[in-house]
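Note that subunit A is present in both complexes that follow, paired respectively with subunit B and with subunit C.
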Partner chain A sequence: MGVIAALAIALLLLPLVAIVLRTPWGDLAEVLGRPVVSDALRLSVVTAMCATVLCVVLGTPLAMFLAQASGVRVALVRSLVLLPLVLPPVVGGVALLEAFGRRGLLGGPLDAVGIRLPFTPAAVVLAQVFVALPFFVVTVEAGLRGVEERLAEAATAVGASRWLVFRRITVPLIAPSLAAGTALALARALGEFGATVTFAGNLGGRTQTMPLAVVEALRSDPDAALALSLLLIAASLAVLVGLRGRWLSGVRS
Partner chain B sequence: MSPRRRVVVQRGDFDLDVDLEMAPATVVAVMGPNGAGKTSLLRALAGLEVGDASGLPSPDDVGIVFQDLRLFPHLSARDNVAFAHEARGHSRREARRLANADLERVGAAGFADRLPAELSGGEAQRVALARGLVGDPSLLLLDEPFASLDAAARQDLRRDLPSVLRTDRRCTVLVTHDPIDAMILADVLVVIEDGRVTHEGSVADIARHPRSAWAADLLGVNLVRGVGAAEGVVTTSGATVVCRDEVEPGVEVFARFDPSSVAVHTVRPTASSARNIWLGEVMGAEQVGARVRVDLGGEVPLVAELTAGSADRLGLVVGTRVWSEVKATEVTAYPVPLP
Partner chain C sequence: MLILALVAAGCAGDLNEPVLHSAASLTDVVPDLVDAFGVTGGRTDFRLNVGGSSALAAQIGDGAPSGVFLAADEVTMGIAVDSGEASDPVVFARNRLVLVRRPRADVTGLADLAERGLAVGLCAPSVPCGSLARSELAARSIDPAVDTEEPDVRSLLAKVVAGELDAALVYATDAIVGGEAIEVVPTDLAGTTPYLAAVVGSDPPSGSTEFVAFLRSPEAQQVFAAAGFEAP
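The block that comes next holds the complex of A and B.
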């Protein structure tokens, strides 16, 4: 047992150790300054932040709806909402193209009024929201279900409006879930590759986020690929630290 | 406007239909068996239950303290109370100021900064009470405020509660399972059974004329149901209870007597002038202070209250066969009310 467990740990850790060992630490500042790296970094940070904000704004009401309602229809809605969790991201990209592409369901009408989404930074954000939103919704819905109905009733009984109950009772009580959901959505948005490359393309400085730049740099500039990978590892570690006590303890509260 | 309020709640096979006198400056204690509808009544009065209620004050004018308190776990004692002020449109700052005064009034100022998890049962109860009193409601609902308290905290709260509850305009409805609360806190006791009011009056009144086995048991008196006959009340098991009062033959009646008026013997009393002598068997016993309450089964099941000394002398154990003896002058009889 112990040996197999050690093997599993090695399998997970060895690749990460390899990146750390192979990173050109001496020239790191210079490598990070190269346009391919700095452009991708800037684009990734901006789009992932936008996507995360959208996840919070759109996902909170959705999570509240799912947490409050019950029944077969709601279960169906929930499964559909969670589909992107397990869907291959490339398929997500194709689906987004079919919806918002120039000949897509909504893309045609949008094109008519001069809005073209594919191959723009906005498309990057849309792809990220598509894959990250379910993570946020699942986490926040679980948090909302943990808030006891009896507390909301007590708040209503003293005459509080729904908005006041939401602001002063519900949100503070689900703050840990909101934080965890936000961190997960951010991490997922930062790492997004398949849907992005399909729907937004791989245009340097415009739609080439860090994961896309890593793949391209691997052929032409391995040092840049390593530096970008290191950044993504650091971001992932930061998210894990943000989630500590929730997942690191091994018990989900 | 009449202070009587009618509350009707229908849910599945449960229905509640009660009519209560809720006059200002009174405390109404509500008691009843589990599932009788006490909590549903409170919820309906608070506007939390879908039902039909007439003449209730607006929900703004009703305060409720839940049995499980329901303090907001992330807010300090002060902010729990301040939340209710905010809900009434006060600014956060003003709400906190008002909350401080509220906590002071219920003796909770000393732990205003603590979270609910850091409060004892008695302290939490006071904070919940302060929250329920916000807005000085004309109707205050307390659901078993003493149920979760230890004996000392219960004493403290019983001592402090009257001064908090009494105002000229407020009616307090107090659900409790302890007749002591009804006696020392309430002006009137209402007993609810099966969704209907079965008794309404002072504790002494109800003890004098209980009209259900539950109420008789609650107040510790013996109640035998039967049919009037020339010689007294005939029970379903065929025993006859001779009473002080005349009973109308053929009418359903209750016969009532105090446990302390029952004499117990291990041999059949022969020279007795008492007209009621029944054979029975000891089913159990419980010591209350210096006295022992003995449960007797037999043709007329009853409770006899003896001094500890005489219980000892008789050598009563479960299964002992005994004769109980009650003077007819100790037994009152009155008709069973029509449903």
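The block that comes next holds the complex of A and C.
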């Protein structure tokens, strides 16, 4: 058993170690300054943060709805929310294109009034929200379900408004799962590739996020590909450190 | 342990058939070439690996399965040759760039590619189609307002066919494949890119060298001409 566990660890560790060893540490500052890297880094940070904010704003009410209600209706909604989680990202991209592309269901009418989504940073954010929202909602819903309903009821019984209950009781209690959900959504948004390249396109400075830039750099600038990969690994590690094992529990331990 | 080994061997796949690493623009013509090769007595059990030439060249450099590399320009073939994995490339066809547009799009010439209001697409600069497009535009002092740089010419064509892009520079052969869904805009574009073939791998499967030689034969050239390619 121990041997197999060691092999499994090696399988996971070896590729990461290989990247760290092969990174051009001496020229790293110069490589990080190249447009393909710096443009992608700036775009990724901005779009992922916008997407994460949207996930929090849209996802918290949704998580509350799922946590409080029950029945077939809620089960259907929950399946819908979980769908982007299991869908291959490129399929998500095709779906977004069919909905918001120039000939899309909503995109067609929008294009007629001059609003064009594909090939813009907004499209990048939309693709990221589509894939990251389930991560946030699932985590926060789990946290909400762990909150004692009687605490909220007690507060309401002594006259607290719903907003006050939310602000002073619910939020502090689910703060850990809010933080965990936010971190997961951010990580997922940063790493998004398939839906982005299909729906938003691939243009340096406008829609070429770090994962897309890695693919581009692999063909023309291997050092930049390594530097970008290192940045993405560092970001992922930062998310894991921030989570500190709370992902699965969702409730303050 | 034995089960793991068997599964691993199974997942690794069968490596006996030669792999045709083929530029995306050759997608439709490769099956006809393999059939024609079979008619002359050659093997037909090639496996296909289709993609942008630069991605393929990188894969070959990293040790992709041996066989044949069909590249859409000298630069990408050069990458494969420099890596030591490919040798003795030969030119077997040429392809011309054309300007295509979404039907009824307001595109009448190459100069329109500089319009910010139009959705314009090119191949990525590292891909043969993209580098040829950029050099043709630069020679005419046109600075295109590009909205996306696609990893291969077929992805680019797909976006024009889907109506997401107003205009793009693709190969003449791709314009034919696009059919009714796109319109070709007449221009003075004359630049062509050479297609090169080379054997890949130090011990390539039998049939690889013969296939490369076959590409310059009259039978193969007939297949290329029918698809819209030009002579080497």
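Worth pointing out:
Here is the rule we go by: the second predicted complex is superposed on the first by the 245 of 253 C-alpha atoms of A that agree within 3 Å, B and C clash if a C-alpha of one lies under 4 Å from a C-alpha of the other, contacts with A are read in each partner's own complex, and residues count from 1 in each chain.
Basically, contacts are C-beta pairs under 8 Å (C-beta built on N, C-alpha and C of every residue); 3 or more make two chains touch, one makes a residue touch a chain.
Everything numeric in this text was worked out from a predicted model, so none of it was measured.
By the touch criterion defined above, A:Ile9 reaches neither subunit B nor subunit C. When both complexes are overlaid on chain A, the residue A:Ala75 reaches neither subunit B nor subunit C. By the touch criterion defined above, A:Val17 reaches neither subunit B nor subunit C. Once the two complexes are laid over each other on the shared chain, residue contacts for A:Pro172 go to subunit B alone; subunit C is not touched.
Contacts of A:Val215 after superposition: subunit C is touched, whereas subunit B is not reached. In the superposition on chain A, A:Gly101 contacts subunit C only, with no contact to subunit B. Residue contacts after overlaying the shared chain place A:Leu164 against subunit B, while subunit C stays out of touching range.
Across the two superposed structures, the residue set of subunit A contacted by subunit B and also by subunit C is empty. The residues of subunit A lying in touch with subunit C in their complex are 97, 101-103, 116, 118-119, 197, 201-204, 207-208, 215-216, 218-220. Against subunit A, in their complex, subunit B makes its touches with residues 46, 48, 59-60, 63-64, 66, 68, 70, 72-75, 83-84, 86-88, 131-132, 134-135. By the touch rule above, subunit A contacts subunit B in their complex via residues 150-151, 153-161, 164, 168-169, 172-173. The touching residues of subunit C, counted against subunit A in their complex, run 52, 54-55, 57-58, 119, 121, 124-127, 146-151, 159, 162-164.
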